[in-house]
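Letters are used for the chains, namely A, B, C and D, taken in the order the chains are written, and counting of residues starts over at 1 for each.
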Amino acid sequence: METAIVRLHCRDVKGIVFNVSKFICERNGNIINAEQHAEPISNRFFMRVYFDCSQLNCTRESFQQGLDQLASSFGMQTELSFFDQRKRLAIMVSKYDHCLYDLLLRHRYGEINADIALIVSNHRDLESVAASFKIPFFHVPVTKSNKKEAEIRALDLFAAHHVDFIVLARYMQILSNTFIRRYKNGIINVHHGFLPAFKGAKPYHQAYEYGVKIVGATSHYATEDLDMGPIIEQETMRVDHTHSVEALVAMGRDLERNVLASAVKAHANDCIMVHERRTIVFR
Amino acid sequence: METAIVRLHCRDVKGIVFNVSKFICERNGNIINAEQHAEPISNRFFMRVYFDCSQLNCTRESFQQGLDQLASSFGMQTELSFFDQRKRLAIMVSKYDHCLYDLLLRHRYGEINADIALIVSNHRDLESVAASFKIPFFHVPVTKSNKKEAEIRALDLFAAHHVDFIVLARYMQILSNTFIRRYKNGIINVHHGFLPAFKGAKPYHQAYEYGVKIVGATSHYATEDLDMGPIIEQETMRVDHTHSVEALVAMGRDLERNVLASAVKAHANDCIMVHERRTIVFR
Amino acid sequence: METAIVRLHCRDVKGIVFNVSKFICERNGNIINAEQHAEPISNRFFMRVYFDCSQLNCTRESFQQGLDQLASSFGMQTELSFFDQRKRLAIMVSKYDHCLYDLLLRHRYGEINADIALIVSNHRDLESVAASFKIPFFHVPVTKSNKKEAEIRALDLFAAHHVDFIVLARYMQILSNTFIRRYKNGIINVHHGFLPAFKGAKPYHQAYEYGVKIVGATSHYATEDLDMGPIIEQETMRVDHTHSVEALVAMGRDLERNVLASAVKAHANDCIMVHERRTIVFR
Amino acid sequence: METAIVRLHCRDVKGIVFNVSKFICERNGNIINAEQHAEPISNRFFMRVYFDCSQLNCTRESFQQGLDQLASSFGMQTELSFFDQRKRLAIMVSKYDHCLYDLLLRHRYGEINADIALIVSNHRDLESVAASFKIPFFHVPVTKSNKKEAEIRALDLFAAHHVDFIVLARYMQILSNTFIRRYKNGIINVHHGFLPAFKGAKPYHQAYEYGVKIVGATSHYATEDLDMGPIIEQETMRVDHTHSVEALVAMGRDLERNVLASAVKAHANDCIMVHERRTIVFR
């Protein structure tokens, strides 16, 4: 079955659901699932339509053109993607391997609907992991003086490997605004704390000292404001006074891999829409 | 805003979403939210459409007739409900008050989109609770010999109070098949165990002896098979060796009230569809 | 069975467990449960011993004196409490009733090992709730100009009713430092947010706007720094884009009553020890 | 620091805590943490004492002899273990790799206080995983006709590698009673369902068909009754109608690895005691 997804958002006015349904049906698409969401405060309407496009009575290009016309008449922002044009992702890592292993294994199990194009790291430590999963690995060292060049090197690698989005799997470098703007809503980061609590460095230490009874982790799109991008997924675990900082770090590994994987799966399936700092994550 | 909900299910064939959308739009209804679900194993399609019906260009009756025609052409089972025709529920209780208080309070907070028509109990213990919330209370004693008459009495009370559905808030009597058939998918029960584990009596004792590390509670539609009806909601809590049976019972009170309230809210909002023994609970 | 609890903390040196056990056994106490905790970072040792004191070979007074001597030799802070000297608590409320009902019901079920001495409110709205549970109710209005006098009135009421600790069950007034210092680690508050995120007013609005995927509530001892006291319990729930602010508020009611009840139960059972801003909550 | 752990259980009589404390202190052990648990229904007392044994004034052998004497006077069952005598575990796998990877990674992170002595599999599929973590791997094929010989082969390998306990990381063969009796409370299995619901084969299919709203996984000691051994850990996740059997299987992978790892960590740390079919899992 050949399928496609349309995502769109616009001011919440009457007739959107009908007009979108009509548009697809007139072109002989068969809607399998349509999801909508209205944000009352911002008066914004969001829609994601998953449809069978195997019997389309027009080319994909003319479908896209028709969609653009519909979009302009409603002031919509739209995105059209075809299931057979599988996304390609890059993983950036440093030395921690838990998120990397988790992504590689879930990918192998078929949980992630995308291809892992390459792994880029500022260290060589995880090269053998990449090798054992047969994913191209590139060592791009980062120093204080070569940061800009290193980013350009990474961006060139991504371009050469036709990368659609980037996953920071505990990549321990701060990316420049230039880099981040290059992949707007296309860089998924994991923060090892329950944002907005415990931003910045050593969140488990902060959590220990604060004496919280629950710790968490957060996956979000990277934006120019560090740890402030739109949140995609969060997960928490109960802790108590018996948990040392090391124990929190160990529990955190589980939380981090879960929220990162969840975000990557949702992004790969075109389930996420971003509006201001909120995400709509359709299922 | 005047709104309505159509729920339908049928064999999963092409064009349902479009035809339903078209049907509503042609009558000048404005779809606010449409949800679909396809069960691949049974090849069954489910849909719930929430729409603004304040500008309908036909009467509600003719809308219903048109829907019946659409339904017969697709072999659909449909249900149409109007938001301004608020459902009325009856609560049946015995002596435990935790579920009763919870429902009364949530109702007062506006969480339950239905009117509590009356409370029926086989004991007088909770009469004062009903009084303090100003809900009509009827004492219908049940003995071994009068069981049938007591049920008829209760059914008469429900009819007189225009009851649409019944909530068994830890009602400690087994209902007859006659009674249950009278309200098919209209009697919500709470079982104080994680079904299908620990059916029947004293589930917390069973759980203690079995040594489980998690206990649960289950809300479901009552059917002729005791504790076997379609599950609406379940919730679990972690326990360990330190929890006595009494501690499990206390935790159970929290679980029971949560799963029962969740089921009542979903039913009142026409969010639930039942097919064989599975429920589809749209949100 | 007559039982007692000793709680103590001191620098973590050798022999504490043995010496405390020996002290109790020499006086013919029978240890039922002893719990210890060492905080490695602050090198602090905490202990809670629950013991049968029905066969003590000395008076309670001389037991206390002996304990004081032991305490001074180890530099311990100790607290001794006897199970038959049940604590008395005051509940302060404003207009929200969900935490109040929850405490009253749990008390009735025997979950809270303390007596509810009185309810104090700055409004009359919940007077009838107090009446239906037969708890003394006092209306102590608070205005901008009478704040100090109102607090004195409340403190007088607490003294007259022999109150040991105070539960702020969504009491919507900020207490003065004078008031708070009067009951150090004896005022339990509930904050309707997952601290340290979303301090201050309207935490559910903050959470909505921030776009978090999990919301929480926190119970803590009130200190002079608002919303900054030692955390006793936290609980979280998953949310997503479909939850309006009103839905978060409704979910929050469940979280708030849970974390507050949990804190009250732990405090009543002498399970909590506080050191700097961390709580040790033995079970 | 040299440390040791004593675990013991016996009829719940007076003086156990004191006598055990005294025994350890007289030999110059320093108790770091002592945990107790009394089961009121069976009148059984459980204790686990973790102590510094670096200054013992006797040999380990004479400490053990003294403990045996104490045990016989109280009718205790005791176990003494020294932290520096690290346990050795064997992993048995078939073709699923998610539990294996998880154990290997957690072991590398230092979460599991034991050495992985070898991996035994009835297939060759995971040989390369073993190789990449540098763990000895043995292929012991199992057919209908060689089952007994295969078990003997495995037991010989375990003996040769000084194995203390065995982890069945989704090992898809049923072990004989002879094999299981050889390692009483020493074989940890993971069942991919929330026991006692959904025993036997294809639990996720069973869960789907039953329409449960929560799925789970269970780790337990293997006993002669399949899926009936004492439960060590359970974990659950919410599901709804949108989850296909395949989705449940994928979620199950996360649950399985979590509950298995948790059981292995607890067993390696001598935290578990078994009495009849309940486990006491000290932390």
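Operating definition for what follows: a residue touches a chain if its C-beta (ideal position, glycine included) is under 8 Å from a C-beta of that chain, and two chains touch if they have at least 3 such contacts.
Note that the coordinates shown come from a computational prediction; the quantities given were computed from them, not determined experimentally.
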| remark: The chains touching both chain A and chain D are B, C
| request: Using mean Cα positions as chain centres, tell me which chain lies farthest from chain D. | output: B
| query | Roughly how many whole angstrom separate the Cα centroids of chain B and chain D? | reply | 42
| remark: The distance between the C-alpha centres of chain C and chain D, rounded to whole Å, is 37
| said: Two or more other chains touching the same residue: where does that happen in chain B? | reply: 37, 242
| field | Contact set on chain C toward chain D in their complex | value | 14-15, 17-18, 21-22, 24-25, 30-38, 52
| request: Can you check the complex and tell me which residues of chain A touch chain C? | output: 37, 39-41, 194-198, 208-214, 216, 230-236, 240-242, 244-245, 277-281
| request: Flag every residue of chain C that touches chain B in the complex, lowest number first. | output: 97-98, 101, 105, 109, 111, 128, 132, 242, 250, 253-254, 258, 283
